[in-house]
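Okay, so chain A shows up in both of these, paired with chain B first and chain C after.
Moving on, here comes the complex of A and B:
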């Protein structure tokens, strides 16, 4: 299977897709305010006419490239291109100010690649066995699993738990619109045929992440890419021995990134800061952190790139997205006929392994293109939002229309954009909404199927060892969350 | 996002309260319309029907929003900002709605140009060449690329 999958990659279009994806990702990631989520959501329509393997490789290339690209503006401008690069900016910008910007970017690049390779190996090792295990899951097990995922994002997604709960519920409510999954009855369709298909994922994603960003920038109208003087970028190199000295930091950060990435809804910002703090506490020169310590750049970069593979484990094996970006990728998989979940590996094993191998092998072009393009990307950070955002608006309209070739989806996108703007301004997080939207309907379907099987008895949820295990995990999660909340309120 | 608290200290509703109120109105309307919007055909099956989960979710959402409003009452809200900022956003939304409304009649290209120009102007660009030129070129590129390159039947 692995060799056959490798042969699938021996295609000029696959290589072209990987290169285009990585370069686009680096450039888009370098522009403050444009994260990988928005970039992938806007690029999905471009892949409609492509074969599934190059299409997904292009989008994953954007993801990988954008995470590294985010570190460029973080290091050189102290403006993180993506939220996960905020930890990189602390020491990266300090290095740039003392003339080591090039070195900081190279460390960021090599660490990113290390984290990515590590997480890809974990992805290959874990995803297929997990999917095979999940093949035994019935409706009761799937209900408990999805309940656990929804609970984790509410309790540990960061920020206010109440806000996260509200967003999860709003997402589930949005998913209710359309036909009932069991009886086929229209729900909240207001007699409109267009509503019967429900809200399509891609227009909602484009609205939430692209249109809302346009509206936010119109509201704030402050230049995100500053005209501040950029530190001079001197030629520099990073020797292998320097990276070897950081091996423990790179490995630990990659482990943190990968395994935190597997948990739904945490994203890449939390592991980046966790790794940074761990590297600082382990360092013999902890006083240099914050003043330009190379390990302060390596740790968050390895961690936030390792999240890529980690977050793809539950996304592909169980159909449960790890964060907003993987939710978008999940949408892309579905559009290309590769429905994520336990059956993905059984029905499309060749394609999935080809994508995994491409992710692993794309580390080589990432290094080459990263070294070639970070000087170009520096200029990109100077693009003003007023020249960039009209392009996003037009691409958003086009992208939403092209999903089903109808204007209803464009209206849905606009509505999602307006709500996304309100939620973001109001301090409500978007990832829980997205996960609620994706998991709401399958959760209801599994729950009702389980109860139909059991004749309405809830005992079905404590009959199998898997459901009991998941129930225990749910109880532990609630207990940990309550303990953390209690400790925080005592410290306050 | 910069979260600025309300100047002056007194409670004044900001974005968080506004969002909660909009969602609360939506959830209450959902509860009110639930029975009319979801028909249930009983086939003797036990357990939840098509209305059960929506009803539970809407009730929990209503409760969570009321809790949020109660908690927000004691904490500073996210400052809504000067009215001109909100007005800018409303203008962009209104122009985009108009552009989308006119799209079936006039096509994707003019609609996209109008939406692009509105965003450019709202972001403070005043040079005529850039205000018109950038959206025009972008819309043309997307229109031609989408129609001829990706075979998407744009209106």
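Moving on, here comes the complex of A and C:
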């Protein structure tokens, strides 16, 4: 079966589709605001007349390419192209400022490919049993998992835990605006229809990171990146030994990414930050994190790319998409006569395995195309701020508007930019705010769903082995964090 | 000299254009469409409503001889787009592909900034996914009656795609009528409700797109919420068949702002009906696992009106009325 499927790939159209998909994905991902969801949705009509296998490979190439592409603008401009690359920006941009942008991009590329390959292998080997396992995650389990994720973000992010907690709560508060997930009634909308949709993730992301970065550079008394101070581009070679040293980080991040990807509705931003924080707390040189540590680039990139394979597990095996991107991919599979669900592997095993193998093999063109792309992209850092900043601002406005074709989102984006600027000036970290916004509403919804199913009894949170396991993890991480805090204060 | 020359030129151009403009208005019916039509989809790109609407647009633009531009305006379960279209010019160049939720469910609950009946002209209905009552394969309930009976002695939980959706309200009215403890658990989208019922976290789910999971024996279909049987499962009763006075008819139709010229409306209805009843469109929809369900504009208006009233009643009894 696997070999027959491989033969299916011996087709010039398959290769063309993979290359076109990856290239357009990388470009779209690098532009703030244009994410994989929109790219895939717009390309679906293009694939109508194509054979199923190349069509799906084209769309999945866009998916993979876009997730990776987001890291290019994150590293070079400190403007994450997609939410999931916000974690990459922290150390990636710090490296770029030292003139090691090329190296940071290469580490991001190789880690991305590692995460991809890892999650593809998981997908090929274990799609069906893992999809079953994902179903065991009901509202109670999701509540505990999200609580754990919020704790990891708050406790192990580095810097002040109090500041991180404040920012998580700001994010959660912003997420409350809109329709109540349980009663369906508007709340905190001031009677305005525009507010009913809440603050959307992409406009907030663009505002917090892109606009606030522009404002910071504008108001910086002495511009950081003047012509004279622009560091020379340094050698960007990454040796295999360096990657081998990061093997544990890469593997752990890929496992987190794949696992979170399998569960519906969390997406790729949260695992990227979780992996970053775990890599930081495991590292012997944790003080270098945030100042341009290569592992700080590798961890989130491996994780957010591993999400792609994980997210396809329930989508294909059960026909249940976990997020907007996989919902669009589900539609594409259906249009090409490959209806995802319990019969997909039985009825279309050949096509499905061919697609999986193509996903694995597409690592090769991704590396080649990525390296070619860097040669051009790296020069972005040499553009003068007075030319670059207006361009970023225009892209930001365009990106925020294009999400819903809605002017309200542009105001949200600009507002988030001003707030982001003030928070950064005040020394507050922005990532916890993003995570609070992403997880706040789903956390509330899961918590209330769990209590609805249990008739209001909190016993449901210690009812299944999964919730108990997560509870233990939560207790352990709080204990470790308390221990570390005590030790630092005693040493100081 | 320069000024006068430019001025006279402007007058000449003005004279040349003004009769053309009035003529174009007069010829509106016969000449329709003379420019591209905007077709608003109230959901994100790539969903089933979007994909089917894009196919409708591609096939209809060949018949109309003008491009049809699909524009996605997602947000607030479709009410944002409906409000935008309600205030657009009623010239036939702005259409919307709409569904049950923004046309008769949400407007029954609260002020949405438009009236689905008086602010719109209906063109036709062309689809509408069947929603089923699904339980896990190992569930003790074999029929709807058994489930409703069980709800009288203890809580039965059911998941839906979201709070105050059509499926939720239909079941809420059954619960009110039968006096059982049917506990609603809203999810963020139908696929998450499906996952919850597959994992046994809720006792039942009211969701569309269940065919393969039922055929595979992972879920059992106890009933359909629509007024008619699902052709894939002709023996499964509707709620009305099973003796409950509730239904959630699912529509996917095309509407335009109210006040549209009757001749233009008729032309649009004829064109889109021709597309929707073609074999090519049926094949396309089968691959998408979506039914083709054609209703005339008049029938669609009647359906919306009837359900808007029914849902207002339910909402009133739940203390949520508008």
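Operating definition for what follows: the second predicted complex is superposed on the first by the 266 of 492 C-alpha atoms of A that agree within 3 Å, B and C clash if a C-alpha of one lies under 4 Å from a C-alpha of the other, contacts with A are read in each partner's own complex, and residues count from 1 in each chain.
One rule holds for everything that comes next: a contact is a pair of C-beta atoms (placed from the backbone, for glycine too) under 8 Å apart; a residue touches a chain by one contact, two chains touch by 3 or more.
Being a predicted model, the structure only gives us computed values, none of them experimental.
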item: Contacts of A:182 with chain B and chain C, given as first, second, both or neither; value: both
item: Chain B versus chain C as contact partner of A:488, first or second or both or neither; value: neither
item: First (chain B), second (chain C), both or neither touched by A:343; value: second
item: Partner chain in contact with A:281 - chain B first, chain C second, else both or neither; value: neither
item: First, second, both or neither for A:444, with chain B first and chain C second; value: first
item: First, second, both or neither for A:387, with chain B first and chain C second; value: first
item: Partner chain in contact with A:424 - chain B first, chain C second, else both or neither; value: first
item: Partner chain(s) touched by A:321 [first = chain B, second = chain C, both, neither]; value: second
item: On chain A, the residue positions that both chain B and chain C contact, one per complex; value: 45, 180, 182-183, 185-186, 405, 452, 455
item: Complex interface listing, chain A residues touching chain C; value: 37-38, 40-42, 44-45, 134-140, 179-186, 193, 196-197, 264-265, 314, 318-321, 324, 327-328, 331-332, 334-337, 339, 341-343, 404-406, 442, 445, 449, 452-453, 455
item: Complex interface listing, chain B residues touching chain A; value: 1-3, 14-16, 18-20, 22-23, 26-27, 30, 33, 37-41, 45-50, 53-54, 57-58, 60-61, 64-65, 67-68, 71, 78, 81, 85-86, 88-89, 92-93, 96-97, 100, 103-104, 108, 111-112, 115-117, 119-120, 122-125, 130, 134-135, 138-139, 142, 146, 150-155
item: Residue ranges of chain C touching chain A (in the complex, touch as defined); value: 44-48, 50-51, 54, 58, 71-76, 79-80, 83, 109-110, 112-113, 155, 157, 162-165, 183-188, 191-192, 194-196, 198-202, 209, 212-213, 215-216, 218, 287-289, 320
item: Contact footprint of chain B on chain A as seen in their complex; value: 45-46, 48-49, 162-163, 165-166, 169-170, 172-173, 176, 180, 182-183, 185-190, 214-221, 385-387, 389-391, 393-395, 397-398, 401-402, 405, 407, 410-411, 414, 418, 421-428, 440, 444, 447-448, 451-452, 454-456
